[in-house]
Structures are given as structure tokens and as C-alpha cells.
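Presented sequentially are two complexes of chain A, the first with chain B as partner and the second with chain C.
Up next is the complex of A and B:
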């Protein structure tokens, strides 16, 4: 078993707002091994982005609070015990992040080169010439053509895909051990999406960093992830390697998600209507007592409404949080 | 395009690395009204600089009588030469109650106006930007406190505040600068605070945080450069406002004592106009009007050219 670069235990992030306490992330635990890609999937509001911000300790505070019972260990060090100054050193050098919208994630008034240079100067103490040289290398690495000229471009002079590449170059500039990609392809069109994903997995192999890919797109997960954690209402409901998850989902929610992917074989057939999971995500301020998915589950039983579920091992390194996990041989609906 | 270039297309070099600033400058240069107003302001600025350097209209020349009092513009008078002899001269701008040349006073006042405008604009914007950035970025108690200072300051009728400060610092240049700077920063503060609150939600700020940048770096390195248009507009607005307010202060008897300024000249109108001596107040008003007008037009064009949201 390879080294665990990230261990998250019982991570709970709350937002203390006027309507009450919203527990956006509720006691999740997972780990990340060296060189591995973990996908975190879930609907909007399931706590994916808050999870990633918590890992960087960038949850806006107030109103956000990471409860002290939580533990986030990067290479064995609990980052929740670090001071703000130590944390600034960790960010960017140990753990870096790329964002959903490359249009807004780059500062419009500076050139790509100067933004890259700032990161390099901060963490690697390079001087102007060295950081420019390294910047050109990085832009070349992420596949930006003509990097010697592009380094002097402003973000508005680059296309969306180029900007995301530049953003990736910035994130990689200090060789982080962990890369968090928060919906890196959502704002890009499909052809560029494929290129960016390919780039991330290529670089990951070359540099050997672990990646957390946050997405709501199961197709992306199937493409690049080794393991997947499915989140629902601030909890991980199922965790599995990517093949088993798509073959034999054990949580009804996962199965619903997979069923709602449009498939080309179904087009024009009698089942032309796309499957959708019925109902809505429950209000985070008024969560039900029992299983949070009970109201939308197709195989709900009385017990589900009263008894809360726990994430439990089901063998083969899989974990599921359901009282009646779907058995072997279950078909994707 | 000529046929030669059509046959053999010349690849136009793309403008790599053209900064927003050079873009804005290019945009501004196409704005005729803006350029015209800038050149008027430029002429004023050159005169102000020359006076400052002592090339002409030095203070002692300005305050030395050239002839009898209240000569109307265009009239001849006996000019007293250094050796005591007299010579017939035409006074184009007339003289004031002490026999000083109104023309020289007008020119000298340009320097006064620029000195006040530049100092007040600089200090008020500096205070406003620093406090506004801190208040907007950190929020919480710091913000509450600064906001409280802001509301207290802005709830005092500003003319009373200016009078109080002017008395405390004495009638003179320093008093005017302190009085105007300490009232003008509030507008800058409030606008900068709002802009910082908006900009800090931008993803590039979060991205900078995620790369481990310090807070001060983020405020002054990431957020501030995105507000250059606001800052330049406040600089020019406060410049104009300071010049206009100096006139008000002078009219209230709190202006710069002992040196000519437009404010002083206009305030003398109280006595002069009744006696039919119109030239001093008219001259000062016209010069003030042209400068304020040109500067306002210049500010408008500046705003159009330098707003990063409008620079494409």
C-alpha cells in the first residue's frame, strides 16, 4: 500500500448564519494516496466545494467554522493546528487548487508571467530572471504554444482553455503534493474539457502528485479517477474504486446518478425520457432524522426514516452508507 | 490596402503584452474632448510649475504695487521704475485696492490652486484608499470601527469641520490642506470600501489565497491594481473640489493669508463690486471656471478610458 499523502477524519464544516447552523460538511472521512486521483461527485450543494475549501483552510470565517474535532493531515501533519502564517506557506507549495472558472480566477490587470512569477517568488525564492525562465517552462509544460510570447499576455488575451492551462501552470509551479481541481472543466466546452483532463492526468503521472477532482460530471469521473467518493447532503454516501462504482453501485443515490446519464443507445428508443432522481435535496437547516436520502429513495423502508446511517465497509475497500445496500448483480436501472 | 499586400499578406504582429494602461492611453488619445481639456489643464500646470520655479510672477513681485489702486483694465498709468522715474504703461488687467497687478495675482494663484489641489488630492486619496481597503477586506470589528469614524465624520456639516480645523492649524497653507484632506477622505473611503468588498469575492482573490499569498499582498497587490480607475478619478475629483473649497474658505476669511489666491481675490468682491470694480473678481472667476470645467471634462474622459471593465 502506497503512502497516504492526505488523511481526512471526521471533517465537519459549519456555517453560522442567521437561519441557524448549516452543516455543509458533516463528519466526512477519506484519504488520498500518493499519485492517486480521487473523484468527489455530488449535486450542487452537496458540500463538495466546501470540502475542498476546508482542505485548504480557506472557508470564509466568519460565518464558516471547521469544528475542532476534525482532522486534516497532509503528510502526517495536522494542518488545522497550523497558524495562519504556517498555513500560507503550505498553500501553494504542499497543496494547490485550480478553480472552476478560469475567466475569473486570473487577475485581469496582470500578465500571466507576473502572476506565475509571484507564486514562484513567494515559495521558491527565485529572482525575476529565474522565475520568468521557470514560468516559460511551466507554460510549455501545460501545452501553451509560444510560451515566450504568451507569458507577457494578459488573461483577456487568452481563450478559456488557455487560461485554465495557465491556472494549472500556476498551481503546479511549486510542485505541490496534492492538487485540488474544483470542477476544472465545467466552464469549458467539451473538446477543451477533454484536453484539460488529459493534461491533468498526464502531468499527474509525470509529477506524481495526488489529485482530488471535484465534479458533478460522472463522465469526467469515469475518465480520469481511480477512486470515487459520492457526496450527498454534506456526507459521503459511497466510496469505491471507479470500476465497481459504475458496475455495481451499492447506494441507491449512486445508482440514480448513474441512471441519469444520457446514453446514446437509448436515444430514439421507447425509453426516450431521461431518468431523474425524484424529489429535491432536503433543506440543510431541516434535515430528516433518518437517512437523508430516504425521501427520494426507490427502496425506502420504515427503518430508513428513523435510523441514521453510517458509512460502513462492504469489502473490497468499498464503503457505503445505506441500511440496505444494493446487492450483487444489481443492474443500473 | 494596396494590391501588393493583398498578394503577399503581411502578417501583422499581434500586440503581445499590451497592458491595460497602454490600451487606456490609446483610447484616451482618441477622445478629442478629453485631449482638448487635458491640454488646457496642461497649460495651467506648466504655468503653475514655472511660478513655482520662480521663472515669473514671484511672490514679492506679485505683492509689490505697480501703480495707483484700482486701475481699470486697459487704462494707462504712471509706472514707477526702480530708479524712481515714472513711465507711462497700459495695465491690461487692472490693479487691486493696494495697486498690485491683478494679472500677476491671477497667474500666481494658479500655482496656489495646483499646490492645494495636488496636496489635498494626494492625502485625501491616500487616507481613503488605505482605510477603505483595510475596512473592506478585513470586515468585522475593524470595519465597524472605521465605519463609525466615517459616519461621525460625514454627519458633521463639513464646512463647520473645515472652519474648526482651519482655526486649529492657523490661517495658512497647512490649515487649508489639513482641513480639506481630513474631510475629503470620507468619500474615497466609502467608495473604496465598497469596491474592495466586491472585489474580494472575486475568484482570483481566492486563487491568490490558495497559492499562499499574504493578506497585505492580496490587498495591495491583487485588489488595489483593479481599482486604479477609481483612484485616478478620486484624485482628479478631489483636486477640483479642493480648489473650489479653497475659494469658500477664503471667502469665509480662512484662506491662505498673505499670498494671493483666487479665493482671496473673489472674497474681495464683497467690497469691490459695490464700488464698480469688477475686474479682480471677474478674472479670478473666469480662470477658476476654465480650470474646473476642463478638469471635469478630463475626469470624465479619464473615467471612460481607464475603467478596466470598459477597456476591451
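Up next is the complex of A and C:
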């Protein structure tokens, strides 16, 4: 078994707002092995972005609070015990992040080179010349044509895809062990999406960093991930390797998500309606007592409404949080 | 860059032309007849005619306009009706005290309030932010005049009266550096006190908006410390509103603060303008109006140029 670069135990992130305490992430645990790609999937509001910000300790505080019972270990060190100054050294060098919208994630009044250079100077102690040289190398690495010119461009002079490439260059600049990609392709054109995903997985293989890919797009997951964690209402409801997840989903929610993917074969003569999971995500301030998916589940039973679920092993390194996990064989998606 | 600056300055010409026509119309066409203001209602027709001729008001309007423009452009504006001084000299002599009374204050309160605003935005919602906000609100709620009276009484007058110590002169002014220093400290401090609260709140609000932007999160995610975030990333992004705010007040720095000059008997431009208005010195007032308008147009062009230097996207629009 390879080394675990990231271990998350019982991570709970709350927001103390006027309406009450919103528990955006509720006691989730997972790990990440060296060089692997973990996908975190879920609807909007399922807590996937808060999870990623928690890993960087970037949850705005106030109102956000990571409960002290949580543990986030990067290479064995619990980062929740680090001081603000120690955290600044870790961010960008050990763990880097790329964001959803490359239009706004880069500072509009500084050149690409100066933003890359800032990170290089901070973490690698490079001087101006060396950081510029390295910056050009990085831009070349992420496939930006004409990097010697582009390095002096401002973000608004680049296209969306180019900006996301520049962002990736920034993430790679200090050879982090972990890369968090928070919906890196959502804001991009479909053709560019594929290029960016390809770039991320190619670089990941070359450099060997572990990646967490946060997305609501199952197609993206199927494309690049090794393992997947499905989140619902701040919890992981199912965790599995990517093949088993698509073949034999064990949680009704996962099955619903997979059924919601439009299929080309369904677009035939009858144009049957696209499947959607019925109902709505429950309000975070008024979560049900029992299973949080109970109201939307097709196989809900009385027990589901009273008894809370736990994430339990089901063999083959799979985990599912359901009282009646979908069996192998008889029921398939 | 040079073409951008050139374009900005060329664009000023039609604006200034329009302003000059507007000012001329206000003063020479729709305004009161200055001749009657000077001579009173019992003037004889002969007196009126003589004064009219000497002021050049008997000529057709377009000619009057050209004469006034020639006077402005050659800085040869003749003599003030009330003080009998050369108008050009009046302005040159008055500008010094006015600037000395307000410019140091502008620099001080802008600097301090930008720093306070940034700190508030960074520690938004914490006790640091809240206590500065309370102090700023108190500061901006106290009337300018009240601050002036209090400061003049308690800081300048009372020490002399009670203990015979002259901390600051109560009123007056001496031209030239460094003779003017004792006279300008108190008025400047008053302006800083009055402007600080308001400006801190303004800069805090624009900085708070900036702190919520995605690129700040990016900077944090790559290990930037507080100082880098505030004084590099945020500050450069809020330079446009800062420039707009500071530069817009510049013309009024030069024309002086009427109230301050009146209270501290400083012979600045504001003081002179008030007296010109009192004595219906229409030429001085007209020149003043033209001066302020011109300065506003020039400083705005200047602000545009500064903006293009801090924000690369400005030039495109």
C-alpha cells in the first residue's frame, strides 16, 4: 500500500450565522494516497467546496469554524494545530489549489509573471531573474504558447482556458504533494474542459502529486479519478473506486446521480424525459433526524426516517452510508 | 501611454470651452447688472454710462466674451473693484496660504484613513473593526464648525489665557516657509480630525468589497501574509476609487477652506472669495468660478492618467 499523503478524520466545519449554526461539513473522514486522484462529487451545497477550503484552512472565520475534534494530517502533520504563520508556509508549497473561475481567481492588476513570481519568491527563495525564468518554464509546461511574451500579460489579456493554465502553472510552481482542483472546468467551454482535464492528469502523472478533484460532473469523474467520494448534505454517503461506483452503486443517491446523466442512446425517437432525483436537498438548518436522503429515496422504509446512518465498510475498500445498501447483482442502475 | 495622455488633454479643450461659455453666460447675461451693484440705485445715467464703458460692458456680448477670454489666457485680469489689487496677484498670493492650510491635512488623513480602512476590512467583524467603526462614526458626526471652535478655544486660546503658554497662535498667518508653520498646524489638525472618520468608513467599504474577491482567496491559498494581501493585492485594486476621491478634492484644496480661513483669519483664496462676494466684486468671483472649473477638469484628466497607470484595463475603455 502506498503512502497516505492526506488523512482527514471527522472533519466538521460549521458556519455560525444569524439563522443558527449551519454544519456545512459534518464529520467526514477520508484519505488520499500518493499519486492518486480522488473525486469528490455532489450537488451544490453538499459541502464539497467547504471541504476543500477546510483542507487549506481557508474557510472564512468568522463565521466559519472547524471543530477542534477534526483532524487533517498532511504527511502526518496535523495542520489544524499549526499557527497562522506556519500555515502560510504550507499553503502553496505542500498543498495547492486551483479554483473554479479563472476569470476572477487571478489578480487583475498584476501580470501573470508577477503573480507566479510572488509565489516562487515566497516558497522557493528565488530572486527576480530566477523566478522569471522558472515562470516561463512553468507556463511552457502547462502548454501556454509563447510563454516569454505571455508572462508579461495581464489576466484580461488571456482567454479563459489560458488563465486556467496559468493558474495550474501557479499551483505546480512549488511542487506541492497535494493539488486540490475545485471545479476547475466548470467555467470553461466544453472543448477547453477536456484540454484542461487532460493537462491536469498528464501533469499529475509526471509530477506524481495526489489530486482531489471537486466536481458536480460525473463524466469528469469517470474520466480522470481513481476513487470517488459522493457527498450529500455535508456527509460522504458513498466512497468507492471509480469502476465499481459506476457499475454497482450501493447508495440510492449515487444511483440517482448516475441515472441523471443524459445518455446518447436515450436521445432516440421517443426522447424520453431525462431522469431527475425527486425532491429537494433539505434545508441545512432543518435536517431530518434519520437518513438525510430519506425524503428523496425510492426505497425508503420507516426505519430510515428515525435511525441515522453511518458510513460502513462493504468490502473491496468501499464504504456506504445506507441502512439498505443496494445489493450486487439483483439491483443495478 | 503618451498618446493616451495627449488624448486626455485634447479632450479637455472642448470641456473648458463649454465651461467658459457657461460661466460667461451666468455672470454677464443672466446675472445682475454689476454697474448697478457698484453705483447703487441713485446713480445718474451719466455715471452708469461712464462705468459701463470703463468695464467694457457697452460692447456686444461676443466681444465681451473674447475680451474676458483674452484676459484669462494672458493672466492679465485687471484690478479688483473692491480691494483695488491686481486680480492675478490676489490669486497668486492667496493660493500659498490656502494650500498650506489644507494640503498637509489631505495627505495625512488620506494616508491614515486608507491604512485604517484596510485594517478594518481585513479584521472585518472583529473588535478591531468594530471599535474603529464606532470611533469613525463619532468623528464624522461632530460638526466641522464645532471642532474649529473647540480647538481654537481649548488648544489655542485657553493655554494662553490660563497659563500664559502659547501652544499655537489663535489667528493670523505669516507668508513663507518656515514662518507659516505655527499658524498651519492647528487648522490642519482640525481638518484631519474632521475628515478621518468619513474617509476611513469610505475606504473600509471599498476594501471590504475587494477582500471578498476570488483573487484574495487565491493569494491566501498560495501563502500570502496579511501585509502582502492588504498592501499589495488589495491596495492596488482599490487605487481607482482612492485616486478618484483624493484627486477630486484637490481643486478645493487650492481654493482653500472658506470656513477655516475665516475662523483663523488666514488670507487664503477662500477668505478673499468671501470678501469678493460680499462686495459684489463680479470679476473676481467670475475668475474664481473659472479657476475652480478649470482645476476640476485638469485634475480629472490627471486622475484618468493615474488610473491607467495602476489598472491596465483602463486604457482599453
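Please note the rule applied: the second predicted complex is superposed on the first by the 326 of 333 C-alpha atoms of A that agree within 3 Å, B and C clash if a C-alpha of one lies under 4 Å from a C-alpha of the other, contacts with A are read in each partner's own complex, and residues count from 1 in each chain.
Please note the rule applied: contacts are C-beta pairs under 8 Å (C-beta built on N, C-alpha and C of every residue); 3 or more make two chains touch, one makes a residue touch a chain.
Since the model is a prediction, treat every value here as computed from it, not as a measurement.
A.B. asks: Let's test your reading of the overlay: on chain A, do chain B and chain C clash or fit side by side?
C.D. replies: In the arrangement built by aligning on chain A, the partners chain C and chain B clash.
A.B. asks: For A:88 in the superposed arrangement: first (chain B), second (chain C), both or neither?
C.D. replies: Once the two structures are laid over each other on A, A:88 reaches both partners.
A.B. asks: Determine, under the contact definition given at the top, whether A:149 touches first (chain B), second (chain C), both, or neither.
C.D. replies: first
A.B. asks: Answer with first, second, both or neither: which of chain B and chain C does A:245 touch in the superposed model?
C.D. replies: In the superposition, A:245 touches no partner, neither chain B nor chain C.
A.B. asks: A:218 in the overlay: touching chain B, chain C, both, or neither? Say first, second, both or neither.
C.D. replies: Touch partners of A:218: none, neither chain B nor chain C.
A.B. asks: For A:66, select first, second, both or neither according to whether it touches chain B, chain C, the two together, or no partner.
C.D. replies: Neither: A:66 stays clear of chain B and chain C.
A.B. asks: Kindly classify A:106 by the partners it touches after superposition: chain B alone (first), chain C alone (second), both, or neither?
C.D. replies: Touch status of A:106: both partners.
A.B. asks: Which partner, chain B or chain C, touches the larger number of chain A residues?
C.D. replies: Result: the larger residue contact count on chain A belongs to B.
A.B. asks: Per the contact definition in the header, classify A:291: touching chain B only (first), chain C only (second), both, or neither.
C.D. replies: Touch status of A:291: no partner.
A.B. asks: Give the one stretch of chain B, out of 7-15, 25-33, 43-51 or 61-69, that collides with chain C after superposing.
C.D. replies: That would be 25-33, the only stretch with clashing C-alpha atoms.
A.B. asks: Name the residues of chain A shared by its contacts with chain B and its contacts with chain C.
C.D. replies: 56, 58, 62, 88-93, 96-97, 99, 101, 104-110, 118-119, 122-123, 154, 156, 167, 170
A.B. asks: For the complex, which residues does chain A have touching chain C?
C.D. replies: Residues in contact with chain C: 56, 58, 62, 85, 88-93, 96-97, 99, 101, 104-110, 118-119, 122-123, 154, 156, 167, 170.
A.B. asks: Under the touch definition given earlier, write down the residues of chain A that touch chain B in their complex.
C.D. replies: 56, 58, 62, 87-93, 96-97, 99-101, 104-111, 118-119, 122-123, 149-150, 152-154, 156-157, 167, 170-171
A.B. asks: Any idea which chain C residues touch chain A in the complex?
C.D. replies: 125-126, 213-215, 217-225, 228, 232-233, 236-237, 239, 310-313
A.B. asks: Using the touch rule from the top, collect the residues of chain B that touch chain A in their complex.
C.D. replies: 16-20, 140, 202-204, 206-214, 217, 221-222, 225-226, 228, 308, 312
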